[in-house]
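Before anything else, here's the structure in question.
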Amino acid sequence: MKGYRKYFGKKIAWFLITLVAAVILNFVLPRLMPADPVSAITGKMAQGMTDASAVQEIYKRYEAEFGTNKPMVTQFLIFVKNLFKGDLGTSFSQYPRKVSDIISSAIGWTIALQLPAILVGWLLGNLLGALAAYIRKGFDKVLLPVSLFLSNVPAFGMAVTLLVLFAVNWKIAPIGGGYAFDMIPNFSWRFIKSVISHYQLPFWSIVLVSIGGQAVGMRSMSIYELNADYVKYARFLGIKDRKIVGYVFRNAMLPQVTGLALSIGTMIGGALVAEIIFSYPGLGSTMYSAVTAADYPLISATTLIITFMVLVVTFLLDIIYGFIDPRVKAAQFDA
Amino acid sequence: MKNTLRQVFHSSKFVVGFVIFVAILLTMFIYPLVNPGNPLQMIGVGTFAKPGTYVSLYDATKTNTETFRLPDADEKRLVKLLTDADRVAMVEWFDAMGISVEGLDISDTDALLDMWKANYDPAAKPKGMTQAKRNFYKRLNNSIAEIGAAETLIITEKNEETGELEEQGKITKTDYVNTSAVANVKTLPLGTDNFGRDVLKELISAAGTSLLIGLLAGAVATLVGLTLGLLSGYVGGVVDDIIMFITNIFTVIPGFVLLILISYSIGQEQRGATVVALVIGLTSWTWTTRSVRSQVISLRNRDHVNLSKLSGHNLVRIIVTDILPYIASYVVMAFILQVSSGILAEAQLSLLGLGPRTTEVPTLGLMMNWAMLYSAHTNGSWWAYFPVILTITLISFSLNLMNTGLDQVFNPTLRD
Amino acid sequence: MGKKILEVRNLKTKYITRFHEDVFAVDGVSFDIEEGKSLGVAGESGCGKSTLALSMMGYYFPPLHYISGDIIIDGKNISGMDPDAVRKNILGTEIAYIPQAAMNALNPTQRIIRFVEDVIRVHEPGASKKDIRERATQRFAELGLPASVLDKHAVELSGGMKQRTVIAISTILSPKVLIADEPSSALDVTSQKMVIKMMRELMEKGYIKSMLFITHELPLLYNVTDDIMVMYAGQIVEKGTAKEMVFDPTHPYSHGLMGSILVPEEGTRGAKLTAIPGTPPNLKKPPQGCRFAERCKYARPECRYTGIPERFFGENDSRMYRCLMGVDELKEVYSHE
């Protein structure tokens, strides 16, 4: 039990530290850059002559909310205080909507799309990788190059390909959006059906892209495990190959949980871009429209929220891993 | 060294990856020599011209003709003339007139036409058909009839003085010109993009730029990662703690997010291809740091390193002669992966609208971004985006294949 | 003479490398072990002694392949048997194996009891969990292992504990022959002693009827086993009782080996058998003549070309060696050193 407590304590501490670091980076990085958006905002205020008064109003409000004319440290404190209140400022492009309001309407879509897609991709990829490692020979010869190729198709490429094939050419799927454009979100059966049909292409494009990489990783891991000493020993005790394969896959699969935790940050980048292709109403599209409209408060908030989501998922995966892999407990006792 | 190289080239995966990569590289170098010019030049006025060979109509009319009587010329004209929509419309006419179309294949031009000639009646007024629709059928019928006629086109020129049209020449259906005799013929294997630019030329130039971005990003990431990893692993102690603390933080905070933040804040003006590459490199060094560090730690107490320490060699020399050679293969592999993820990162950034400045050089990401902005994917202009996706995939695939091949050579447990 | 539990006749096996080359690692090995006896195998690393251990299981998987020869356990020849029959009826009950690297011999993510269940159920598919736990607890207790081990994962056990657990699991079905491949090397002295004690107990309590003990540490063999044979380049070069082999070695190779160690005392960690200059021959193309000729101080030109017969001497011809020179001739040569 002591080992576990130490492990979880360490993980929680790390989660908090990285969270603080992420918030600081999110605040500091833009302000360190040459064309610093924050001072650009203050700058735009000064040249009020050319700006329409409504625009000036928007910037004034930003200045008041974030105290951009005050020293950096004060600004940071205001930023953190606002964060705790859940206040991420007011959007420039969708004025006077609050950023937190825009984000909360997008975040559900992103989570509902990406979490299942990445998990399904991970699961299918691991199964295929394990099969390739076990069967080797012909299956492996075909599967490995195909997986490698698939894993190198960029997420947006897969998204465009699926979109063109299924939505444009064969017209068996909608072209984009989270639901039919003529509907208002509600809990009717018709709406849910529309959501499901709009869900398919983005979902499968993310799944297909993540399968390849996972399969390749799992294959190497399984081959490594198949050569382990315990496999040989179990064989010499007369244990059936099928049972031994069970040992091997469990052992190879467990580190893949950590692998997922480590790669989720990279995967989410591709998946967000895939959202843009499908105009899926999630954070990816939000970020895209924010960038296009030079809506700094929205960009800053979106990046922060995405980082936060990745940190939480990584943390949860680490915790789950600690429970399911006894090697972790042992390592903590050793340390 | 020689032996290692031979082993590497024995790996079929490495060789396949290497061949694809070299083929791409060669294309990048040779194509601009064969077909020089600015890849961003807008040669077309409209958007998305289809791939194919374009013949200057003006020049063609001024070119000497030969007469050929090709037996299937009319038929071919008909096939081109009757679009799919026309054919469907013809079937609609039959339906409206209550004529059975059982067994009719609309792609069979002869059968369709026979049936049309037998049944069409300009005077008929099918129930519920508008006047406009009836006129459409009349026009369609006329153009079908014209194909068979020995019609001649007359080229006229306006006389500046009298303002009258004067006949300059005739074009009959049996006139042919040799394409090599026409002054201006342009082949666009991949058509043009939304700005009317030659996609193939642009693509090859873009692949070069993207590869350079990848190489620069990879070099920066590898250099930073290698330096930090060596310091952390070899020096140990507080240095190790600090470096690993920072590395661990940047491992969990997604690099893509940092990339977006920084790229946006740098601003469109400062964001040249080089700057983008540097930023990508500076946000993706954590993997290299981790793997170099663990390698160095396992090397740190080997006999040959201890011997070198006892001999009083300095840090730099020990690292260069006793450590680097042993981790070189890992560093090379990490570099290859960084290059491919750098190319991908540029593409994703550009799709978000945060890519390099658009005025100087094309990159694969920018091409993709333009294609998407101008809805190439929904209007059927596959040539504007599909070759881009394929190029990114192939570059990345070839690099990863090489990497897998190297991995199998240097990690024997993975061998087949 | 006691009843023969194990007879190995002219066993030949090979490895096939990934470049499709044959490596003849066990090349015509014959010996037998009587009930209640233990036999030690000594030799440098790479001499084929570990391969001999693997080859005797009658259960081959790549890269190891069977060529010819017989392995007879208690009158039953297992070498020609169908691999699945060997797996079901021989492994674990007739012949059992203790691997060299006990550190990694147990699946790290499985509880010991689960593995014991898997092992027992190979032979008794219907055995209940309760029954298995009772049997395991009892056997572990008799071998001095705490019952708490059963509910742990391998990663939670220390090195010595892991090795003892492996030994207990290997012998849980009371096999007739136990093959131990360097069970005590890579352990600290205390753990090593415990392992040796355990091996003796196994014999004394009758959980195993005979044992083949492989090691590169000669003093250990002198203390543990009744007989010793010395292996070189895939063949047995000499065989005799432990005492004879240590104090009166005949073959020049054994002579060199024994000469390289001091008088053994119990528990002494032996000098490694590297005192003879030179390296063993390449087993992809074994030499025509004597395999040791290249390194032999007393080699004559004909040694390199002539096939070397096995020679027997001593009481009931109980001792064997493989050399062109006669026993007296060799004694004569050694006395001049």
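Worth pointing out:
When the chains are written out, they are named A, B and C in that same order, and each has its own residue count from 1.
Please note the rule applied: a residue touches a chain if its C-beta (ideal position, glycine included) is under 8 Å from a C-beta of that chain, and two chains touch if they have at least 3 such contacts.
Remember, predicted model here, so these are calculated numbers, not experimental data.
Here the chain at the heart of the structure, going by C-alpha means, is A.
Using CA-based centroids throughout, the chain positioned farthest away from chain B is C.
Averaged C-alpha coordinates give centres for chain A and chain B that are 26 Å from one another. With centres defined as mean CA coordinates, chain C is found 63 Å away from chain B. Put simply, the C-alpha centre of chain A and that of chain C have 55 angstrom between them. Along chain C, no residue makes contact with two or more other chains.
Chain B has residues 416 in contact with two or more other chains. Of all residues in chain C, those touching chain A in their complex are 57, 59, 61, 87-88, 90-92, 96-97, 99, 101, 103-110, 115, 118-119, 122-123, 153-156, 166, 169-170. Residues 14, 17-18, 21-22, 25-26, 29-37, 40, 136, 145, 148-149, 151-157, 160-161, 163-164, 168, 175, 216, 220, 223-224, 227, 262, 265-266, 268-270, 272-273, 276-277, 287-288, 291-292, 296, 299-300, 303, 306-307, 310-311, 314 of chain A touch chain B in their complex. On chain B, the positions that touch chain A within their shared complex are 248-249, 251-258, 260-262, 264-267, 269-270, 340-341, 344-345, 347-348, 351-354, 368, 372, 377-378, 380, 382, 385-386, 389, 392-393, 396-397, 400-401, 404, 407, 413-414, 416. Within the complex formed with chain C, the chain A residues making contact are 228-230, 232-240, 243, 247, 250-251, 254, 325-327, 329-331, 333.
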